Amino acid sequence: MLGKKEIAQRIAQELQNGWYVNLGIGIPTLVANFVPAGITVEFQSENGILGMGPFPFDGEEDADLINAGKQTVTLQAGASIFDSATSFAMIRGQHVQLTVLGAMEVAENGDIANWKIPGRMVKGMGGAMDLVASAENIIVAMMHTNKKGESKLLKQCSLPLTGVGCVTKVVTNLAVMEIKDGAFHLLERAPGVSVDEIKAATEGSLIVDGDIPEMTFD
Amino acid sequence: MLGKKEIAQRIAQELQNGWYVNLGIGIPTLVANFVPAGITVEFQSENGILGMGPFPFDGEEDADLINAGKQTVTLQAGASIFDSATSFAMIRGQHVQLTVLGAMEVAENGDIANWKIPGRMVKGMGGAMDLVASAENIIVAMMHTNKKGESKLLKQCSLPLTGVGCVTKVVTNLAVMEIKDGAFHLLERAPGVSVDEIKAATEGSLIVDGDIPEMTFD
Amino acid sequence: MNKVVGNAQEAIQGVKDGMTFMLGGFGLCGIPENAISALRDSAVKNITCISNNAGVDDFGLGLLLQTKQIKKMVSSYVGENDEFERQMLSGELEVDLIPQGSLAERCRAGGAGIPAFFTPAGYGTEVAEGKEVRDFNGKPHVLELALTADFAFVKAWKGDRAGNLIFKSTARNFNPLMAMAGKITVAEVEELVPEGELDPNFIHTPGIFVQRIFEGKNYEKRIEQKTVRSR
Amino acid sequence: MNKVVGNAQEAIQGVKDGMTFMLGGFGLCGIPENAISALRDSAVKNITCISNNAGVDDFGLGLLLQTKQIKKMVSSYVGENDEFERQMLSGELEVDLIPQGSLAERCRAGGAGIPAFFTPAGYGTEVAEGKEVRDFNGKPHVLELALTADFAFVKAWKGDRAGNLIFKSTARNFNPLMAMAGKITVAEVEELVPEGELDPNFIHTPGIFVQRIFEGKNYEKRIEQKTVRSR
């Protein structure tokens, strides 16, 4: 079973040289710590940064330089700053090659719900609806089940949707799955996790085709 | 009868303090030379200047700094440069208080034609269609009649339109006219020009209400 | 052009109950702190605020929520404000939640004379309910309308007397877009400079979009999430 | 990110007959001189060029008109080019004339994932023929579609290896918008600098919009209308 760090680490293996990548709040943010050696990617933050760097050293934080999670950050050489309309022009115009974000629910057809629990949690969608409606390559990073132990990989989302048929891959504490043809296709198991355990934790259709390898980490 | 310079000079009397003004090619460009003392206006050039200044001194011209007529210009203190989309955002969004442009024909309902003579002249509309469709205050600067002596103030335009029902005022070598309620309303005569001469040169409905004063110049 | 006014009180002259305001900023970054204080002191009420976020309980737009001056919020994310959530869930506050990119583009459109545009964002979600949907390039898009405001309040780093503005780092965010969309746009700046001091090539908001400008004071610039790494 | 290619010939690799290109510039100001020369030398033909103007007879896009490489022009104003007018009137050249603001906005929209938008420009004229018209705020507007291109060729003043660009004065014009709308955007710059040399706060075109960049040479920067005043 993976921790949050390992989920991020596994997702980082998906990065390709030259990609622009938008990382959501939570686990996705951690992906930046695991960029494989030898490849260069630039991180986009939808509040207006391209080329976002690590957190600043203590005492060097700048209230005017934050990421979309409102955290103080830094800029890398070659970074640029722009307004929110230009930022979403990049996103909507598919100039960003990969979006990684968290979810409360993902359905077997690629639907995602992550912005609202009616009558209870109403934080808003932020940029998530723009991101999932636009990106061609959307990886969800999340726990396989919720706090009550219920599957978050469903036949159909029960919560209000963020986007329809858009998620291409899901990486959880248990598995890596691709979404296509209306089903979760199991690609990799977390170390020590069996296919049966993954099946048991997955409510939506799970296709298991042949031998499923364990994830590997360098 | 006014010369081109005097037409521009008369139009300059319409300027109000604090206005942003777009001047078309030809007579309108000359308006910038006659801004009345004590008022400040800024000239917008649709290729991306706000705060356009006079022509440069010889030898100081810069190929990278031109106006919409492709003429070398200068910038005034407080000027700004922007891309073409932002420029037309200003125009379409009605942030420019006055547009002055030339015309081949103006109709009594405010229609204007100035971009095309089918089968003969096909230079294109440039920014004129955006300007006339957007501005609330559009003054046409032109000669009252064409080279053949035919009226350019018509019941209906014969050439392909640039915009419909948009011209608010016309200043010619003969007269100043306001357009409203489907007619040209004579406001002022050029020095030495009679109402009858103006009537004779105007094909569209011309309303002459009371005594029509001569234009005055400082 | 001289658009300078003396202070925030002068700058908000003309605000009336029931008006719609835009306020720049992302979280607490780049918010018009002086204008918000002046609006609170003015006691203007029943206002609609278009702002990406709603501040925190005791800062930013949270100040106007405390005093219940806000009738309606138009935002994309309001997760940092408990009082907001309480007023929304209890029905005291009307809320229109909008995808962040659509919010930004709708403000720009309002300023740019584009009354409506199509975007893929929100298709198939409750955000698209009641809106026209049309396919372009084989993909469904939602028709979104432009937003404008009676007043737009923005915060810049430097500005000149003609209203030209430059922003610092991510304090830019929604400010340039909202500046375009205000019938009256009020800019507060950390430093007011003479015309000619800002390089014309690097103006973020041309002065034509700004009607009033003043040098603000006592900027707190509160940090919401101080995150640092060890040396 | 390193997007640097050696020269214009390398930068145009992949251009094919029948493709659609965007070319920045207003008149002869800010045009991609090196790319145009390379396109002429490549003998690519039947191309569609989206460019505000069509150059003059012997410079700018006029060079590709001379060689009859252009099948169709999409422009707002072509009044400076006699050969253009001749080819258009004789029917050799297809021409789509578009209001300048609509052209600029359609390029931006293409880059920004906005497939269509409403604008007042052209309503009631032949430009609106066959297009949807809808009233907003009591005023008729025309639905215009986004434009994109197989290649966009832009010219900047300075650029870095990551593709970040800054433009000088009015040589900016359509360049930043077309940079957004090219599937492959090729930027030629007067000066190529290392990453980190351009101030992140004052980048006109973020590198994400640029796929290839090179330092151009022998810029002629011809002036169309030299206008001066006496001292």
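Should a chain be cited, it is by its letter among A, B, C and D, assigned in written order, with residues numbered from 1 in that chain.
By definition in this document, a contact is a pair of C-beta atoms (placed from the backbone, for glycine too) under 8 Å apart; a residue touches a chain by one contact, two chains touch by 3 or more.
None of the values given here were measured: they were computed from a predicted structure.
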Checklist line | Intersection of contact partners for subunit B and subunit D | finding: C
Next item on the list: Using the touch rule from the top, work out which pair, A-C or A-D, shares more C-beta pairs.
Entry: A-C
Next item on the list: Report the chain whose mean Cα position is at the greatest distance from that of subunit D.
Entry: A
Next item on the list: Starting from the mean Cα coordinates of subunit C and subunit D, work out the distance between those two points in Å.
Entry: 33
Note to self: I'd like the Å distance between the centres of subunit A and subunit C, where a centre is the mean of that chain's Cα atoms.
What the structure shows: 28
Check: How far is the middle of subunit A from the middle of subunit D, if each middle is the mean of its Cα atoms, in Å?
Finding: 36
Notebook entry, point to check: Measuring from the mean C-alpha position of subunit A to the mean C-alpha position of subunit B, what distance in angstrom results?
Noted result: 55
Next item on the list: Spell out, as numbers or ranges, the residues of subunit C touching 2 or more other chains.
Entry: 105, 108, 112-114, 119-120, 168-169, 200-201
Notebook entry, point to check: When you check subunit A against every other chain, which residues touch at least two of them?
Noted result: 75, 81-82, 85, 88, 91-92, 134
Margin query: Dump the list of chain pairs that touch, please.
Written below: A-C, A-D, B-C, B-D, C-D
Next item on the list: Over in the complex, which subunit B residues touch subunit C? Could you list them?
Entry: 18, 20, 40, 42, 44, 50-51, 75, 77-82, 85-86, 88-96, 134
Next item on the list: Sort out for me which residues of subunit D touch subunit A in the complex.
Entry: 1-2, 108, 110-114, 160-162, 164, 180, 194-196, 200-201, 203, 206-209
Next item on the list: Using the touch definition up top, name the residues of subunit C that touch subunit D in the complex.
Entry: 105, 109, 112-120, 134, 136-137, 141, 145, 166-169, 200-202
Check: Inside the complex, what are the residues of subunit C that reach subunit A?
Finding: 26-30, 52, 75-80, 85, 88-89, 95, 97, 99-105, 107-108, 119-127, 157, 168-177, 204, 221-231
Next item on the list: Over in the complex, which subunit A residues touch subunit C? Could you list them?
Entry: 45-49, 54-73, 75, 81-85, 87-88, 91-92, 111, 119-120, 122-130, 133-134, 160-165
